[in-house]
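What follows is a group of structures, each given as C-alpha cells.
The two complexes that follow have chain A in common; it is paired with chain B in the first and with chain C in the second.
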Partner chain A sequence: MEKTAHIFEYKTLALTLAGLLVMTGVTVGAACIDLGWVNVWIALTIASIKASLVLVVFMHMKFEGRALRWSFLSTVCFLAVMIGFTFWDVAFR
Partner chain B sequence: MEAVKSFYDTPVPARFTGMLSWLITLDHKRIGLMYLFAILFWFLLAVLLGGAIRLELMFPGENIMHADLYNSAFTLHGVIMIFLFIIPALPAVFGNFFLPIHIGADDVYFPKLNLLSWYLYMTGGVIAIVSLFSDGFPDTGWTFYVPFSISTNTNVSTAVFAAFILGFSSMLTGLNFITTIHKMRVKTMGWLQMPLFTWSLYATSWVQLLATPVIAITLVLVMVERFFNVGLFDPARGGDPILYQHLFWIYSHPAVYIMILPGMGVISEIIPVFARKSIFGYKAIVASSMAIAIAGSLVWAHHMYTSGMSDTAVFVFSLLTFVVAIPSAIKVFSWVATLYKGAIQMTPPLFLSLCFIYLFSVGGLTGLVLGAAGANIHVHDTHFVVAHFHFTMFGGTGFAFFAALHYWWPKMFGRMYDFKKAYAAAILVTAGFMLHYVPMFVLGLQGMPRRYYDYLPQYAAGNFFAGFGAMFMILGIGLMMVNLFLSFRRAQISDPDPWGGVTLEWTVPSPPPVHNFVTDPDVLDYPYDFSGVVAGAVNKSRRT
Partner chain C sequence: MAPLDPSGKKMGMWLFLYTEIILFGGLFVLYAVYFARYTPDFIDGAALLDRGFGIVNTVILLVSSFFVAAGITAVRKGHTRIVLAGLWGALACGAIFLVNKYVEWGHKFENGIYPGSETLVDSPGGLNLFFGLYYVITGLHGLHILIGMSLLAVCLVLVYRRKITAQQDALLENSGLYWHLVDLIWIFIFPLFYLVV
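For the complex of A and B:
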C-alpha cells in the first residue's frame, strides 16, 4: 500500500508554535490575577486548546482515520469522567 | 502427504536452537505458552502462600508464622495473585494464543511489542521477587494504601515499582489486541461474526489501555512521596489520603473487569460447544461486554464508603454499582438459556464452566450486598469482603482459567488429559472452595475483620473450617496440574476438533502450524452455527 506523506507548511508550523507560546504567556498572566474559581477553568481551557493544537498539527491527528480519532476522543472522555466523578466527593465534603 | 509441522517445530538458525529460539520468538503461540508457564509458576506460589495464611489462621494464636511475616504473606499473596496471575492470565495466555487464530490472522499486529510485553512481565516478576529479599518484606497489602505505605520502613518502593512495570506489560498487550482486532481480521469476518472470547478481549483491552496509566502514575506518586516527602497524600503535609484511594480504585476497580471479562468470554465459548446449540443472545452478550467495560469504570468509589468521602459520592457510586449488575446478569441469563434444551455433552471444561456460573453468581449477588451503602458499612473490611472477592475472582476468573486450560489444552499441546482425574480434581477444588469461603461469609457477618493475625474465640470454628477447605482446594489444584502435565505421556491426538467446536481454532491442526492459515479461512455467517456439527459433518470442509 502506498503511503502518503502529510507535511504541513513551515508557515503553519510556525504559527502553531507562536500560538502555543502566546497561550503559555496568557496562562502565566491569568495566574497573576485572582479570579477565584475561574482561574482553574481558564488554565484548564488554555491547556486543552494547546494540547489539541499539538495533537492536530504536530502529531498529525488531522490526517488520521476515524478509528484513531475515536480512540483519542474516548481517552479524553475517560479522563474527563474520571476527574469529573471525583468531584462527587471533593465538591461535597 | 507430509504432515503439517506444528509451531513447536519452527525452523530456526543453528545458533538459535532450544530455549533461545523461544526467548527470541515473535510467534504469538509461543509467547502465549511462555506466559502460561510463567503465570502457572506465580499462581502455584501464591496458592501456597494463601495456604500458609489459612494454616496460620486455622487455630487461634501463633501457629506457623509470626505477625510480621503474616502481614507480608497476605501482601505477597495479593500482589502476586492480582498483578502476576489474574490480570494477565486469560488475555496473555489464551488471548495471545487464540485471538489471532479466532480472527483468521497469522499473528498479532505488533509481534515485537508482544515479546517486549512478555519481557516486561518477567522483569516485573523478578523485581517483585527482589523486593522480598531486600529491606524486609512489603506489608501493606496489595492496595498499598497511604499513609501507611509512605511511612512503613519495609521495601514498598520496590514492590510498587514491580507493579508499575507490570502495568506497562498490560497496556502494551491491550494496545496490541485492539490494533490486531481492528486491522488483521480476515476480510470476510465482520464485527458481529467474531467469537465472543475475542469480543471480551476487545472490551478488556480498552480498559487495560485507558485505566492502567492511572495506577502507573499513582504508584510513581507513592514513590515520589516516599523518596522526596512531597506531601501529596500525607495529611501531616497537607496531602489528601482519600485522593490516593480514588486514584488507586480508578484503576483497580476496572481491573476487576480486566480480570473477569475474558473469563466470561471463555465461558461463552465453552457453553455453546457442549450444549451443541447456538449461543443465546450473541448481540446481548457483545453489548454487555462493552457495557461492563464502560459502567465498570464508573463505580470505583464503592470501595471507599467508610473512607470519609462525601455522602453525595456514597449515594452516586452506590447507585452506579447496581447498574453494573445488569450486564453481568444478562450474561448469566444467556449462558443458562443456551444450556436450556441443548444436547448437553458433559466434559471437564463444561463442568468447570458450570461451577463458574454458580460461584460467579454467588460472588455477584454478594457484591450487591456490598454495593448497598447501608449494608456495606456493617461488613466493610470484614471476611465477608474476602469471601465475596474470592467468589468473583477465583470462583469466576480462576475457574474460567481452569476451564480454558481444559478446553484449549488439546489444541495447544495436541494431547488429551484423563477425564476421570480431571473431574475428581474439579470436584475437589469446588468442594474445597465452598468449604473455604462460605465460612468466611459467616465470619464477616459475625464481624471478624480481614487481614487480622489473630481473632476472638467465637471466630475459631469458622476459621478452622475455612482452613480445612483450603487444604482440599490446594489438593484439587495439585491433582489438576499433575493430570494436565501427565497428558504429555499420552499419544498425540489426530483430531483437530475433539470437542466439535466451530470457531476457527478448531479448523487448524492440533497443535497449530507456524502459519495459522494456508489460505483465508472459511468464516461462518454466524459464529456459533452448530448445524454442521449436529449433522455429523464436523466442519471437514473448513479445515485448512
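For the complex of A and C:
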C-alpha cells in the first residue's frame, strides 16, 4: 500500500485518456455550431479542463507538495497578468 | 553509491517547464491580440487549414501521453516490458505526428501558403499574420516534439541497459514531464488554429 501510494493505476490513466478523447470530440462538435464570440470561450474552457487533467494525472501534480503547486500557480498567474495587461494596453490605444 | 536527489531533479525540470510555458504563453498573447484585431481574417485562415489533420494529431498526442504515463507507472511497479512498450508506443506516436505535420505543411506550400509567399503577402494583413503565427507556433512545437522524442529514445536505451529502474527513474520521469508539457501546449494550439469559427 505504502509503495503504490504515489502511482496512478493503469486503469486511472486509461480513464483519463478516455476523458481527454471525449472532450476533444466535444470541442470539435462545439466548433461546428456558430455561436460568435462564445465559441472562443467554449474552446478555451474545454482546453483548460483538458490541460488540468494532463497536469493533475499524467504529470502527477496530485501527489506534489506545496512548492510545486504554488510555483505552478504563480507561473499561470504571471501569464494571466501578461495577457491582462497586454489587452488593457491594446484596448485603450 | 552516488547520492540521489530525485525531488531536486524534478524541481529543476519544473522550473525549466515554467520558462517553456512563458515562451509559448508569449506567442499565445501575440495570437490573442491579433485575433481580436483581425477576427474575420483569422476565421478565413483557419478555414484553409485541414481540421482532420488537427484532430488526428490531437488524438495521437493524447494517446502518446497516456503511453508515457503508463510507462512511469510500470517502471515503479517493475513491469519492464510495459515500460518498453509505452516508450516505443510514444515514439511511434511522435513519428506519426511529425509525418502528418510534414504532409500538412507540404500541402500548404504547394498552394503557395508559406512565409513570404506572394499569395500571403498580397492577401489581407490578418491572413498573413495568421499563417505567420501558425508556422512559428506549430514549427516551435514540432521542434519540441523532436527534442521530446530524443529524450524518450535515450530513456528507452537506458531501460534496456537496466540503468533506469524503480529505484532510479528521475530521467524517465523528467522526460515524461517534458513530453506531457508538449502535449499540454498542443491542447491549446489545436483550438486556436483549427477550430476558429
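Here is the rule we go by: the second predicted complex is superposed on the first by the 83 of 93 C-alpha atoms of A that agree within 3 Å, B and C clash if a C-alpha of one lies under 4 Å from a C-alpha of the other, contacts with A are read in each partner's own complex, and residues count from 1 in each chain.
Throughout what follows, a contact is a pair of C-beta atoms (placed from the backbone, for glycine too) under 8 Å apart; a residue touches a chain by one contact, two chains touch by 3 or more.
In this text, all values refer to a predicted model and were calculated from it rather than measured experimentally.
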Check the residue A:75 against both partner chains and state whether it touches chain B (first), chain C (second), both, or neither.
both
For A:51, select first, second, both or neither according to whether it touches chain B, chain C, the two together, or no partner.
second
Under the stated touch criterion, name the partner, chain B or chain C, that contacts more residues in chain A.
C
Would you check which partner chain A:86 touches, where first means chain B only, second means chain C only, and both and neither mean what they say?
both
Return the residues of chain A at which the contacts from chain B and from chain C coincide.
67, 71, 75, 78, 82, 86, 90
Within their complex, state which residues of chain B touch chain A.
178, 182, 206, 210-211, 214, 242-243, 246, 250, 297-298, 301, 309-313, 316-317
Residue positions on chain C within touch of chain A in the complex are 10-11, 14-15, 18, 21-22, 25-26, 28-29, 32-33, 36-37, 51, 55, 58-59, 62-63, 65-66, 68-70, 73, 76-77, 176-177, 180-181, 183-184, 187-188, 190-192, 195-197
Within the complex, chain C is touched by chain A residues 3-4, 6-10, 13-14, 16-17, 20-21, 24, 27-28, 31-32, 34, 39-40, 43-44, 46-47, 50-51, 54-55, 57-59, 67-68, 71-72, 75-76, 78-79, 82-83, 86-87, 90
Chain A residues touching chain B - in the complex, by the definition given at the top
67, 71, 74-75, 78, 81-82, 85-86, 88-93
